[in-house]
Amino acid sequence: MNWVNVLLQGVLLGGFYALLACGLSLMFGVMRIINLAHGDIAVIGAYLIWVIVNQTSIPPWLAALLVLPMMWVGGYVVYVLLLERSRRAGQLVPLLTTFGLAIVIENVLLQVFSPDDHSLLSSTGTLATSSFSFGGLSISFFGVFTLGTAVVVLAGLQLFLSRTSSGRQMRATAEDPDAAELVGINARAVYAKATAIAVAIAGLGGIFLAIRQTFNPSTGPTQLIFAFEAVVIGGFGSPWGTLLGGIVLGVAQVIGAQVNPQYFVLFGHLVFLAVLASPRGGILARRGRAL
Amino acid sequence: MSLLEVRSVDGQYGLLKAVRGVSLTLEEGETHALIGANGAGKTTLLRVIAGAHRPVSGSVVFDGVDITRIPAHKRVALGIALVPEGRRLFPGLTVEENLSIGAGRGGGGTWTVDRILEVFPMLRQRRTHRAATLSGGEQQATAIGRALMCNPRLILLDEVSLGLAPIAVAAVYDSLRRLIGGGTTVVLVEQDLGRALGVASRVTCMLHGEIVLQGASSELTRDQISAAYFGVRPSSGVGADP
Amino acid sequence: MSSPLLEASGIAQRFGALVVLDGVDFHLATGESVGVVGPNGAGKTTLLSILAGSIRPTSGRVRYEGNDVTGLRADRRCRLGIARTHQIPRPFIGMTVFENALVGAMVGAGQRRSGVYERVVDVLQSCGLVDVANRRAADLGLLDRKRLELARALATSPKVLFLDEIGGGLTDAEAVELVGTIKQLRQRGIAIIWIEHIVHILVQVIDRLVCLDAGRVIADGLPGDVLADTAVIDAYLGTSVT
């Protein structure tokens, strides 16, 4: 068994988890909302691209470019209609609201589509299955593409937050929405934008999900768990933490599979629990800040 | 036309009536001191003017426009900035980021990060440090600077000398005088009566949510003010509320 | 010459590249009251946190009753008799005044059930809080919150009490009451270290005054002498002394 290969597979898998986790991390970081519907929203993205590709002659890459703006708008709608009021009602209410949203999404998908598995695998041709050789290893092209996309998205998010005026407003609102209003920031608009970004990235994760595996209306919750574990392992508050968390999770899972194919998910859970129990919290956990 | 009119405002905090029937008029360029015991309602009144607190009744009129329903972040664009009680800086942002977040929101104006650092030189070496690492007084200075960066026509200061060393308080009040000279309208809540009266042209004293004394600082005696503070009705006062 | 109750030698504190304290020596005798002043960012609160055990110094040692306590955490030091208040009062918000003090007495002083209730009443009396003993901390005004900080610290039966800018935000009348309360604590033989900017309150209580500037002690002696020291005037007081 080639450990280098195992590590590599884990890293590539981690790229997917990081991409999936990004939106979840953003929503929690900015609004302190744990979006229990996150996995299901990603699955909506998967269904959207599947429908476009299968019902029209639009090629997958173009379909992806259509799905993202749709998800963006959907994010605004979710915030304005649901989350705005929930957020003001207290800490627990958004949890319940997103939990309810998850159930609604799953059942609507079940009604509209059947419980059958779907996948974009057949439509993407060799993209998902081709690999190339490097140093005696066989590396999945799509895996590298996923990791690369995750890195680009996370780097973009980091730059957005740290370098742009809009990102700075988002950071300020995350820390003190009341004081942010006093310096002219429209906190509602900031939260809506954060939700839109989070949902759009979740949709992107869903597109990659659709290509790499099969999905059905109940695929969402499992994706939520992986995303959540990646965020916690990496520590809240930093896009790079999310990347690291995803990779650690991916590597743990692949190592688990080497030990015994049934231990795939288990090893991920064990690492997650170990991180929770450790004094540091996440790997890149932010130090407490009270003012 | 007055720059600001507060008309019979009632403000509530939970079950407590924090502000009762308060009316106030400010002319442009005026410096107004808001004094009174702790819990008198001064902070609530400032927050109502800034839009951070919705009054139960009454109205706030700024430059002839009724702004009672306008949210706080839009009032900044109109030219109202509040330096809130309690150092509400953004802890994860640097001093420079805290300052520049207020920029470009108000009307045209001359405050820049460099000018702020001139007024508060202690912040120069902390420019790129996160606000959470600052000392109390440095935070206070940054909070004032952040509001100034909005280039406000009306600036509301809630106990800005809190936590500042005497030399820093002197610097703040120096810069306040420059603000006043430049035509900015100032309302300040200040426990140090000497400082407050030294810089303000008019004074309002509040007690238990009501105005108990109001007038030009030059016309009011120290005795009248002390009496108003402690709830003793002055026998003959200038502008005393019945 | 008796050895000091609390002694710090060679205290240095660095946060990354930022030097907050640069070789500070400090001593406190049993029952002595020392005031600490200095410009914002001079390191006063950091020094306090190091003496109280909330922060570990980068270098230097802290000795209490002759023993090295540099490595001891704040809660351990509390049980040894070191108590502190905070700049912004942080009571246990949902609990009553009595309950707040009770926590200090039972946990901090490690007292058993019998006798502790009487002790808490005694503490509340010293701090002027008996009338509000059953009020929730959330409903207290500023002065009473500060008194509650004192009471909670006093309940732990301290030998040394640290006060961190406790005078801020009080009216003149409230400040007089607070000074009265602190003088009562002095009479019990508790040694006090008090950081404060409101100098005219501070000097009513303290025996000795220390001035910090940029992480170093620049003056240490009788209050009158220190306040007349040119270095202190330049760095801290400015030209207008209250």
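As written, the chain order gives the labels A, B and C, with residue 1 at the start of each chain.
Everything that follows uses one rule, which is that contacts are C-beta pairs under 8 Å (C-beta built on N, C-alpha and C of every residue); 3 or more make two chains touch, one makes a residue touch a chain.
Remember, predicted model here, so these are calculated numbers, not experimental data.
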Required steps from subunit A to subunit C (each step between touching chains, minimum): 2
Chain with minimal offset from the mean of all protein Cα atoms: B
Most distant chain from subunit B, judged by the mean position of its C-alpha atoms: A
Distance between the centres, which are taken as Cα means, of subunit C and subunit A, whole angstrom: 49
For subunit A paired with subunit B, centre-to-centre distance based on mean C-alpha positions, whole Å: 44
Centre-to-centre distance between subunit C and subunit B (centres being mean Cα positions), rounded to whole Å: 30
Contacting residues of subunit B [partner subunit A, same complex]: 50-52, 71-74, 76-77, 81-82, 84, 87-93, 97, 100-102, 105-106, 131-132, 139, 146-147, 150
List of subunit A residues in touch with subunit B within their complex: 168-169, 171-172, 175-176, 178-187, 286, 289-291
Residues on subunit B engaged by subunit C in the complex (per definition of touch): 37-39, 86, 122, 126, 129, 133-138, 140-141, 159, 162-171, 191, 193-194, 229-230
Touching residues (chain side subunit C, partner subunit B) in the complex: 15, 18, 37-42, 44-45, 87-88, 141-143, 165, 168-174, 197, 199, 235-242
